[in-house]
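Look at the two complexes coming up: chain A is in both, with chain B in one and chain C in the other.
This part shows the complex of A and B:
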């Protein structure tokens, strides 16, 4: 049996057993639905447009937050990486701020920004900031000293040094940081929607759970998993294609 | 860098943080931002002290920490046991590990509505969700660590005619220890996050429900006090586990 077939056997058997048990016992439940009904609910949501609409809301918030948080982190990490004194002086502030769980800021964001995109995006940006900052800072600190010497020999200005030497050399690690941040962004988006914000797939999932529609609820969980999995797979593929061994040399996950 | 220079720079970085706090105070006092949205550090600190001394804050902090630690211990025990089971058997690795990889990218908070549908908005629900959510880092790290034993060590166990259980206990698990500890550290972060969200959704006693209520009633100083406490829990728990990790892994450095 191929590797793929072996991997897929267990989930298929599990789903079959689930379906058979639920049909054989004619179970009526507010919290469980057979896989066939979950698939039907998924199909309905896909046809009437709710799935596309909710996914758009979640992805828009996640990607905007990633862009804002990641962008700020790139600027900050360059400053930290190129000016060691600045990095040493910021150390305590970063150590004190980083362990604040982003979900603890949900009430603060609601208080200041109310419900909607702005509040969700700001929370995502906060969470997406850290992986890029840490990988980016490490990348710049670890640049070959010879490359920096080259930039000195070429008499590049500060701007030319950053755009021509530092960023290209650090790019593979920045990409890894962004990949991790992308996963975090989606997680925080869904979490904020489940906990508070009335939009996106997380909210749809919560409503399905509370209005006792287990078929739609499981369909949404599967869909969220699928979106997360595809995002990660696409970014991994891009990383291998773009950077090859240079990207693989950086930590696998 | 000499130790003296290092502590000098560290003191400097603390001074920078103090400067940020002073700036925060100045903005709160003169920045024109309504105090409902931005309480100064003075008011946040007063709320924190008052809450810890006379109010409920100490009890609520304890409730959140208890929830987080219980869920995390549950997750770690099951994660290590399941991970050892899957990681030490080639059959289980081939047939079950791909399913785990499939479930992994699902944001753990998405399991919360499912558990709510089964057992409702209760404290047990929060505990179960914490356990389910923070099992992943431990489980996957254990599977990886147990299955990635150096081939020579496997040969050693074979020539010593160790049973499978003995191999697992004496060779595979110690080999996986760094992975497991790293996974547990990640798991603790996840369990704090899930404890907070769970409390927000269920209104069970804890810092999560406290800050949500403080925010809704515009008690922003109390809200900031709660956020500061949650940050402190995150920081202290992470530092404690790092210290434990450092001690327990001394043998790997030699």
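This part shows the complex of A and C:
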């Protein structure tokens, strides 16, 4: 409890000081709002359903994109990891595509797909693809060779080898890749919404800024931070639960 | 025709020859130990028979058939148990892997797993993960998984090398008992001469660099063997002396 108290001491003091300074100077600003007004704006957005609607749009795009991009990356990384010839064939293409900033593809995606979910999801999928691919490929290539020999002397078939040895051995690292991709997904979702797509919390944030509503703008910034933090916390929790006793052994190798 | 035949085996890793014109024959239900200093290719011999490697020259046959891939009849016990067990599966899950691979009927697996774990004294640890087991217990678990394959031939690559002396002796006796009761043919690689004499019907000594068969010693000690009386018998001491002198000669 005292750890928590120490942790929130600075933010609380900061918010108090902010509130006091703004009230004492009676500052009228188009770019700043006292914390009490930010809280009020947040409360209004929560009550009239905008917050839930916008959050749903952003999360739907981010999670769908994560599932599509991450899913494709799992398939691709297995193929790359198990077929060295395929990995050699694809190496150049991967190294050429990976550094392309997904933000640079926003105009392309708009031209091809127009506004809406499809465009946003495909950009998120592109970004979420890479961390899972890189971590997954590395995990498969670095599987303990003796485990593969075990699968050979036990005469496991190709399917059994992938499902019973390769994927479980690589799973913890896949999960790390997915956690990184989840963070990237949210960033790209909000970026696309701020830059172009008229939906989600990013769009709400942009509208608040352009219509000179700093209270709502800051409320949205804080809310996006909270959503991102919760997403990561949920995945961390799942990781600990999934890989608890057995994961310790995997991590130790 | 012998059950297992190595005929004129040559093998090399890159430019370095590891085995040179090896001829060894192993009869059914025989227990053969292979000893030699490091670099004599004794592990490579096992891996050739397990179908994990293909010899550059000569051929390995099992029951008259040339070994080109891991044969169904062969189980392999790895030296490094910590890397041979699946860390994300419990003890029973690790035994189950062998049953799953051989297509053992699903409904009968739990009973079979329990029976196998009981045989190696791990019935009380069925739900423990390998990381929660001691080294000796992990190696017992590997024995159970090998037995689950119902092998005709059991290949063991220095399986007890990393264990303490007490655990090693206990496991030697348990393994001998299991192998004898199932009349399994065994090939056992070790660098411990006494272990080789204690376990084997024959001891094959190899020269290093490249590995060649130096001499074969017949062990006529009575079975069942006993950690005290066998190791104190004049014949055991004579063999120990003979092989020891021989290996030392080979090293100079």
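The definition used in the following text is that the second predicted complex is superposed on the first by the 242 of 253 C-alpha atoms of A that agree within 3 Å, B and C clash if a C-alpha of one lies under 4 Å from a C-alpha of the other, contacts with A are read in each partner's own complex, and residues count from 1 in each chain.
Note that in this section a contact is a pair of C-beta atoms (placed from the backbone, for glycine too) under 8 Å apart; a residue touches a chain by one contact, two chains touch by 3 or more.
On a predicted model such as this, the values are computed, not experimentally measured, just so you know.
Colleague: Please name the chain, chain B or chain C, that touches the greater number of residues in chain A.
Modeller: Comparing chain B with chain C, the partner touching more chain A residues is B.
Colleague: State whether A:144 touches chain B only (first), chain C only (second), both chains, or neither.
Modeller: In the superposed model, A:144 contacts chain C only, not chain B.
Colleague: So, A:24: does it touch chain B (first), chain C (second), both, or neither?
Modeller: In the superposition, A:24 contacts neither chain B nor chain C.
Colleague: Quick check on the superposed pair: does A:96 touch chain B, chain C, both, or neither? Answer first, second, both or neither.
Modeller: Touch partner of A:96: chain B, not chain C.
Colleague: Would you pull the chain C residues touching chain A in the complex into a rising list?
Modeller: Going by the criterion above, the answer is residues 50-52, 70, 72, 74-76, 78, 80, 83-84, 86-89, 97-98, 100-102, 129-132, 149.
Colleague: In their complex, what parts of chain A are in touch with chain B?
Modeller: Residues 3, 6-11, 30-32, 88-93, 95-97, 99-108, 110-112, 183, 186-187, 190-191, 194-196, 202, 205-206, 208-210, 212, 214, 217-218, 220-221, 224-225, 228-229, 231-232 of chain A touch chain B in their complex.
Colleague: If you look only at chain B, which of its residues touch chain A in the complex?
Modeller: Contact set of chain B toward chain A: 9-10, 12-14, 16-17, 20, 36-37, 94-99, 102-103, 105-114, 116-118, 189, 192-193, 196-197, 200-201, 207-208, 211-212, 214-216, 218, 220, 223-224, 226-227, 230-231, 234-235, 238.
Colleague: Could you pull out which chain A residues touch chain C in their complex?
Modeller: That would be residues 144, 146-147, 149-156, 160, 164-165, 168-169, 171, 245-250, 252-253 of chain A.
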